[in-house]
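Across the two complexes that follow, subunit A remains constant while its partner is subunit B and subsequently subunit C.
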Partner chain A sequence: MGSQHFPVYILLSLLATAVIIPIINSESFGKVKALIIATLSIALGLSVRTLQEVYKNGGYTYNFGNWNEKIGVQLVVDEFSAFMGLFIVALSFLIVIYSLKDIEHEIKPQQFTGFYTLVFILLFSMLGMTYTNDLFNMYVFMEILSITSCSIISIKRKKENYMASLRYLILNTMGSLSVLLGIALLYMVSGQLNMTQIYLTISKIWNLYPTNILVAVGFILTGLGIKAAVFPLHVWLPDAHSTAPTPSSALLSSIVVKVYIFSAYKILFKVLGQTIVVGLGIPTYITYFAAIGMIMGSIFAIGQKDIKRMLAYSSVAQIGYIFLGLGLATVEGLSASLFHIISHGLMKSALFLSAGSIIYYKEKRDLRDLDGIGYEMPITMTVFTIAAFGMIGIPGISGFMSKLYLSFAVLGANKPIYLAIILISSFLNAVYYLPIVISAFLKESKNRRNIMAIERLPKLMLVPMVIIAVAVVAIGFYPQIIMTLVEKAVPTFLL
Partner chain B sequence: MDDIIVKTITRLIVPFIQVYGIFVILHGHISPGGGFSGGAVLGSSMILFTLSFGLPMASRKIPHKVTSILETSGILWYIIIGLAGIYLGGKFLVNKEAGFFMGQAGELISAGIIPLLTLGIGIKVASTMITLFHTIIEED
Partner chain C sequence: MEFIKAIAEHINYVASVALFVIGLYTVLTHSNLLKKVIGINIMETSIFLFFVSIGYVHDGSAPIINLGGGRVLYINPLPSALILTGIVVAVSITAYSLSLIIKLYEEYGTMDIDEIMKLRGEGKNG
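Here is the complex of A and B:
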């Protein structure tokens, strides 16, 4: 029965590493690196074992200190949280390996230990939010996550970083308070903080308090919408994600915003349940915002000159896809949106890491300076091209499969107008991703002749990018690898 | 600040503040207060010391390295106490079921692991307050 403690061990090892890093002698960065790699390997192994155990014996709940769920804190380890925990740990493992080399280029040496402390607290809070089954616990982890994300943006200590992180901090504090108010309203109705208990209470009495529940969900979704950058609330994201150091932007864009979406799933389908949510008509409104975001995010991205800023606006559009699947409130829609979380996480981290490599190697961020760069940095640009094609939705790459699943889900829910929006958004994606690929591989560089040469990037940066690109292509050809896991995770929300 | 009155008063009052902070931390499980409030009182005593005697003197009394080690050990202590619950056959942070000494309710030595956890929190909060304050005035 030792295996039931594995999620706790993962959380504790990440927290312990975060606090041990600052007291290691700061000159010996090698020791810090070894500790980071060791902890993440342990966390990865334990996550894989947790997932295996959950598939073998079914999900379970873990009560801290044996307190019952009415007064204590509870973790829920089911098909969804174990799978997403594995996704978070595996992807951040690759990004952290990349960062070991890239971060030397971005921040001052005396800040390395601080950066990794923040990264580990970030991972700790993300996993905590994924596993938790308690609303207030979720709020606490959310606050930790907001503050650490703000710090890994501002760690570069430049004027635009301070501006971006201040804006991030202010908007996210408003988001947190909004979530807290929503939780308080739910607590007022149900008298519970545990999600399962609220569900049991609220499913009996929701007819008495429809306005209260609607207001509570409105506050919670607005707060989570600010944090997950749903379209009209996305204003902090482009600055924050483009000015942060590359590993931070990869972490923020591919994992952190997704964790808030997991919370939205939990609130909508675990706390309230499908009947109440559909009865109050909440999902329909989510789809409106998602559809506007899918179009507007892409339109904003077309106008950008800076490569990382363009990727950040593209995230706004892709989050629209995820929320569209969520807003359909059907099994197909939810599995499409979970699939897109995985595939967008992989593709966007590949894009950010390759953009970061270009900045590392060439010191160029402007899209117009990238002519002929495909001959100078063939591996990086191949990774970029694969991920960009995935974003557009070219068959054979995971982005195509998620768009296909989403289209089927939209047709299954009998809302064909959204199919047109998905198509328009894909064309707009092509408008801003294809010119980069074309100018990288087909245009003459101004300074050098186009002769193919393997770039001399550090191996630590190349290998994670290539692994992510291979995974993206593998999922594109064999989507069942992820889809079987997703199909097991969806029934924890919808029956 | 070079003022004889402030320095004398500080020298007189700091031990009392610290004793009060330790009292609040140790009585966390039987009276109002606990690790956080007691730790804040304990930390503020050092902040008062830094304000009246200056940073060099304060860093001699309690160097940066010591506070950061205390901070780390506060959290690690909490984790170790929690893991003891798993080791003794329960779950993380199990108290009574793991066989910790519960004692008589209302006595100082009672309530199993709670005083131990409060002690860890108190150390953590006090050292964090000192570290934060020293870092901020160092950078100024």
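Here is the complex of A and C:
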């Protein structure tokens, strides 16, 4: 009893915490920390319970205030949204624990409470976008998400941050507007805002308005493409992700970008349905952009000297993999893409957190200053190495499994050209990740005194990184843990 | 004649598309950050106009019971209600971007994106 309210409880507890944090006396940061950990633990517990309930009793829809779905707001809690909600909460829990220590180094003490208020509103809107079944509600959550994700960049109060977040904000707003225009066009055709209702209406009448639907999907996908940094629209990402405080970059790169991809799934396969999308030939175009992004993102990353900027460009390439799986519009492609969302989320957060630790400890961001750092920070660099190997696709790490699944999906869809692109992109990944690992462990630092230093990083920062690294390796050896869950989630989109 | 009639009937849509294009042009071509924000506002307004026009019913009255004087046609209130939310969002985004522009002006002494880029380039080389 009452378990159907759990997703709403998660959303409300996150929002309530965001409101309570600024009220607490700002000198007692300990109380804020306790509140943050408590809320996230509650949210994590409720997410696990929701997922269990969904597996036991099947997915359900939740009407807010018992208004029916034609006039009210509806949440859909199914295998997909419950699983992804759990993923978002669990990963952000680890990143937030890391941030409790690291943030002291990044921003002024007066702004700690402001930062966590923003982070909680960010989490609230991400979960809202994952659970919602209403197009306009999706738009509102999207706007909350874009404002908060810009503000956790500009909170660092440096010149570069203002510029990066203004550029992000302008492009984000143009993206949201184009999504809103697409929603208006869909509303014109169907007269509904609920996704299930639109699907029911549109599947009957889509032959009458093919142009209208094509234009609507074009606007929505362009908007989501700007926000998810699909290749030609990625210009904001490197600045935004590299100047942000480390916990923000980890959140932005590993989770926020993915949430827009969830919306793209929903629009393509829940609102329109596979028949219409394939009939209009939309997925083919998505795969073109994805393939260009996979190559170009890696090529741009090779030229970078700043470690966080390089990781940001690498995200552009990895988003290409996810969109390639989406563009195949087959069951295998979609599962590979969902699997890669999770494995990239884990690997990229491990990379950003370990890069942040290097910046925290050594105050160096330049890739050429990392000689011999593996001996000074052995645990951090081991985490970095595991995640970097995962990005390249060394067997035994989750990145390899997602590339394997994606390759099988590509062959299953009879498009072998993309297999070559996956291989080239993997080689390019190796070109920019391996030199860091080699110089960290095999080169001699100029001013190193002792042979082996003990890691002097705070425990609060080490533990989340190690947990993520262990998860990455575990998924690499036992991909079935995630794949069984993904295989249950895919049928909510494709039959 | 048919064509002109069609345009006259859909003048709202034509106007909103024109505004959208004007806004987009302003955002893309002007290097002054303030003008970019104005351009975004024009784009937002155009979409609000478009959305509200969808709900318009010719000769319909405001959807309040017993106010239409016996008329039975009401306009669709849903798009108007949604656009209220949209306006709130637009205002908050404008406020936030203006505050960022003030901060940038304090740091660089200019609001022109080209000059800011030039200053940043000099800072990196010097």
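To be clear about the criterion, the second predicted complex is superposed on the first by the 493 of 495 C-alpha atoms of A that agree within 3 Å, B and C clash if a C-alpha of one lies under 4 Å from a C-alpha of the other, contacts with A are read in each partner's own complex, and residues count from 1 in each chain.
Just so it is clear, contacts are C-beta pairs under 8 Å (C-beta built on N, C-alpha and C of every residue); 3 or more make two chains touch, one makes a residue touch a chain.
Here the structure is a predicted model, which is why all the values come from computation and not from measurement.
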Fit or clash between subunit C and subunit B when superposed on subunit A: fit
Just checking: does A:Leu15 make contact with subunit B only, subunit C only, both, or neither of them? Give me first, second, both or neither. first
What is the contact status of A:His5 with respect to subunit B (first) and subunit C (second): first, second, both, or neither? first
One more residue to check, A:Gly65. First (subunit B), second (subunit C), both or neither? first
Subunit A as apex of subunit B and subunit C, Cα-centre angle in degrees (nearest 10): 50
Could you say whether A:Ala164 touches subunit B, subunit C, both of them, or neither, answering first, second, both or neither? neither
Contacts of A:Phe136 with subunit B and subunit C, given as first, second, both or neither: second
More residues of subunit A in touch with subunit C or with subunit B? C
Which partner chains sit in contact with A:Val259 here, subunit B, subunit C, both or neither? Use first/second/both/neither. neither
For subunit B against subunit C after superposition, the smallest C-alpha distance in Å amounts to 8
The answer for subunit B against subunit A in the complex is residues 68-69, 71-72, 75-76, 79, 82-83, 85-86, 90-95, 97
Contact set on subunit C toward subunit A in their complex: 20, 24, 27, 33, 36-37, 40, 43-44, 47, 50-51, 54, 78-79, 82, 85-86, 89, 92-93, 96-97, 100-101, 103-104, 107-108, 116, 120
Show me the residue ranges of subunit A that touch subunit C in the complex, using the header's touch definition. 136, 139-140, 143, 146-147, 150-151, 154, 157, 159-160, 162-163, 165-166, 169-170, 173-174, 176-177, 180-181, 184, 187-188, 193
If we count contacts the way the header does, which residues on subunit A are in touch with subunit B in the complex? 5, 8, 12, 15-16, 19-20, 22-23, 62-66
